[in-house]
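Below are two complexes that have chain A in common, paired first with chain B and then with chain C.
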Partner chain A sequence: MSPLLQAWSAYVRLTVRWPSIASIVPFVPVAAVWWMVTELELFPRVFLPGPVEVVRSFGSLVYKGILPEYLQDSMVRLAVGAFWGIALGIPLGILVGTSQRAHTALWPLLLFFQAIGDIAWLPILVIWFGYGLITMTFVIVYTVIFPVVLNTVLGVRSIPITMHRAALSLGASRARILWEVVLPGALPNIVTGLRNGLGYGWRALIAAEIIVGTSGIGFLMFDARRAGSVVEILLGMIILGILWYIVDSWILAPIERATGQRWGLVTR
Partner chain B sequence: MRLRQQLSSAFTFSAPFAVLLVLWALLVPYFNVNPRLFPDLGSVMQAGIEGFQDGSLIGHIGASLLRVAVGTVLALVVAIPLGVAMGVSPVVSSFLTPLFRFFSVLAGIAWIPIATLWFGYGFGAITFIIFNAVFFIVTYNTLLGVSTIPRQVRDAAASLGAGRWAMLTEVLLPGALPNIVTGIRTGLGFAWRGLIAAEMIATNVGLGYMLFVARDFYRTEVIVLGMIVIGVLWLLLDRLLLAPLERATIERWGMVQRA
Partner chain C sequence: MKSLTIRNLSKTYFDPYAGAHVTAVHDVSLEVKEGEFVSIVGPSGCGKTTILNMIAGFIPITGGEILIDGRPVKGPGPDRGVVFQSFALFPWRTVLENVAFGPKMRGIGRTERERIAHEYLALAKLSDAAGRYPNELSGGMQQRVGVVRALANEPDVLLMDEPFASVDAQTRMTLQEELTRIWQDRRPTVIFITHDVGEAVFLANRVVVLSEGRMLEEIRVDLPRPRSWDALHEDEQFKAVTGRVLQLVRSA
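Up next, the complex of A and B:
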């Protein structure tokens, strides 16, 4: 028992020094079990290829240049969608959050259109815009925008009224209240909304690429499915997972934490 | 008095929809929109009535809801015990957290291609997708919930002589419940979207299928009807079932975590 315990404590010390190790090492036994299952041929190879094949197909797809191009396509679509989602979502959220009239008029509609969900729009979008970039951008913007708007509204409305009054009595103009009270006060919520929205948008992108796609990681998977090549499907899933893991825990989560620490106190 | 208040809030909630419907009813005939691009209100209502009368709409709705129910229940039955079991030990939970985060990222849609290959087109594949969407997120949240129960609470229960069973039912489960319920709500959100996407690809009955087939024939009135049904169903599910559940558990047990 004691060598095992020693190994564990060494591992813990290692993860304290380099926390990123803790998010990689747990995958080693999973890969090992996967490799063993495929080596023992518990399932037919056609249905469950091993890690070696997946790595090999990764190599060949990178070498052919297909994978980098598809990856780039997916990321560009996500970035464009995220940009428009933010650019439209935050102003709309602030409008709905600050004006009572806009709130009564738009809030129920927002809830309903959020409930329809991105993917249900695909068939009619295909009729309107055909198979292409506009359809996909529309779907992603649609998905990103709702969590951003709803959370912005929540954030704006959770700013204590005393803050407004304090700023007003100190002679702040409307623009300054917007810029120095409303926006910073709502920022933690906005960032949370953005993180949720991108999480949904990411999935919507995959669905859109599967259904209407001509390129991208989702298309890679669906194309492989048509050809019956499980290796490339698995590869696609792994890439999706890793990519989102990186975007979420290295970019979005730190931003969320930072805004929470810097401005989060305002709402309390 | 209370009834009047409820009536007036129901009115303010539904007024924007009424405006939207009136606009729809007026603008589409006014601009003479091609029905292959966007339907007018009357034809959508007619499609709805026809769907009810010949039972096809009920059939699609029933098929979709059944899939969600089966997949979700199966996932919860496995996920909650597993999450609690793993969350009890800090060593196990800290080791497994990244794994479950990784898999909850894949939740839902990314499983569609491989699910259809493994299970063929049909009930099995779609249930598998929903199972996955709910399972990983709920397990992850349960794990998180159990492992964030303050050490003192568990120590206090143990020193008062709580056995394993009492510990489970009176400390661990209630303490993790707010997280579990949040996980269910998020998971179902992904599952619902995954369901629609999967039905477009992998089946011959269900709401997603109804939409996708209608697209082949440019029957926009069926598409719009389907979108409205999907929206209403999710709104009902979320507002009448999930949101009250979440609110109730957080009010009842949410304090445990802040101790």
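Up next, the complex of A and C:
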């Protein structure tokens, strides 16, 4: 057996044992190319530092306590914004999805306000609320809520009419149908809306922190630009990617596996 | 289980594309006694599903009346159980929870409604599937669940809308035999909609032939029970009744 084959079989056994390794491996060639480009000094070190410098900067920022604090600030802002976005978005989506009257009244408004992008609100929000949590929460809620509402409406409307009829002829009241049929039936779409909403919200948060922030990952990157520290900018970008990966694979994907996929409503 | 009376039932609706009123059901009268099994048979578009949807209360009637034990039908209700062609099981509920759904809506506690559900699942030989989700079952098994889910709620009338049309031919014969067995055991009042003449005759005490929204004829089926395809396949009486119904449907 050739060594190459042996290495491959070892890798396969390893990923079967620890599946999470398989999600790290794709980054190895990316990091390798990055490292090679910086070692060859194709660009000045100041413009493009290598992975080693970034890891070192990570260590020093963690040691100084800046990174943990900023990370916590960003995560708390996202969590607060996401909570309100979900808490308002799902009921609103169900209302618009189930009631023709609510749909007629609210749909044009939804489309109108959706078009005014999240950060387009920043100038006026800064004047109203200043540089703080209210402004940033508003932006995140605003960003999260539209994908959640629109996907919830889609989910509610795509429930086959026979589901409603089956529940009614089994004696369910309109109110119980909301809980027993409408909510679970729309859930796969709601999760899709959450995934989009949180993704957009995460980006909007970083943008808001860059513009109005006094802390957070976005602020870290903007502050590093002022100091001309490309290392910290790169570090910020990498953290953004990793955090999103964690949110997606630890929170959103398990929800999807436990609901829509289990029920056969969405294909794996 | 109670009786069902349909008097001069009609349904017209406005077709926005044709720009005209269309009559889907015209002056249909039918009396179904308690514990009777009636098949309504006819070609696609003859109005049979429209009649069932009106009995179920899913769509409003535009003329005549529908009475369950003397009371007029107003909207859908648990007194009329429905079995759908598309099964309409709740994908987010296990088989057991699907069957227990009706009793749950009636406010029956968990222990008791699960006992009821297990009893009905056993009736359809589905006990092993209790904890599974509908999408894990074959079409034939899903529709068995659909039938016992409706029965577990003890409706006055069981309405079945081409329930076996979307399963394969062999499974369909098995399901038909099981349905006759369950019917003999529980004696529900059944209205069974189908376009399959053999199925209509095999199952029913009485076959109603429908064409273009009108009732053509009612035919009694006095075949002995229990019925099985092995016994009826070559049965002269079965062939004679089926031939007569087929003639009516085809002439329509």
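Note that in this section the second predicted complex is superposed on the first by the 254 of 268 C-alpha atoms of A that agree within 3 Å, B and C clash if a C-alpha of one lies under 4 Å from a C-alpha of the other, contacts with A are read in each partner's own complex, and residues count from 1 in each chain.
Quick note on the criterion: contacts are C-beta pairs under 8 Å (C-beta built on N, C-alpha and C of every residue); 3 or more make two chains touch, one makes a residue touch a chain.
Since the structure is predicted, the reported quantities are computational estimates derived from the model, not experimental observations.
Legend: residue contacts after superposition of the two complexes on their common chain; A:112 is shown touching chain B, with no touch to chain C. In the superposition on chain A, A:21 contacts neither chain B nor chain C. Of the two partner chains placed around the shared chain by superposition, neither chain B nor chain C is touched by A:7.
Of the two partner chains placed around the shared chain by superposition, neither chain B nor chain C is touched by A:79. In the superposed model, A:134 lies in contact with neither chain B nor chain C. In the superposed pair of complexes, A:31 makes contact with neither chain B nor chain C. When both complexes are overlaid on chain A, the residue A:244 reaches chain B alone and has no touch with chain C. Once the two complexes are overlaid on the shared chain, A:47 sits against chain B while remaining clear of chain C. Residue overlap on chain A between its contacts with chain B in one complex and with chain C in the other: absent.
Of all residues in chain C, only 56-58, 75-78, 80-82, 84, 86, 88-92, 101-102, 105-106, 133-136, 149-150, 153 touch chain A in the complex they form.
Note for the complex: chain A touches chain B at residues 8, 22-24, 26-27, 30, 47, 104-106, 108-109, 111-113, 115-124, 126-128, 200, 203-204, 206-207, 210-211, 218, 221-222, 224-225, 228, 230, 233-234, 236-237, 240-242, 244-245, 248-249. Of all residues in chain A, only 160, 162-163, 165-173, 176, 180-181, 184-185, 187, 259, 262-265 touch chain C in the complex they form.
Chain B makes touch with chain A in their complex at residues 12-17, 20, 36-37, 91, 94-96, 98-99, 101-103, 105-114, 116-118, 189-190, 192-194, 196-197, 200-201, 207-208, 211-212, 214-215, 218, 220, 223-224, 226-228, 230-232, 234-235, 238.
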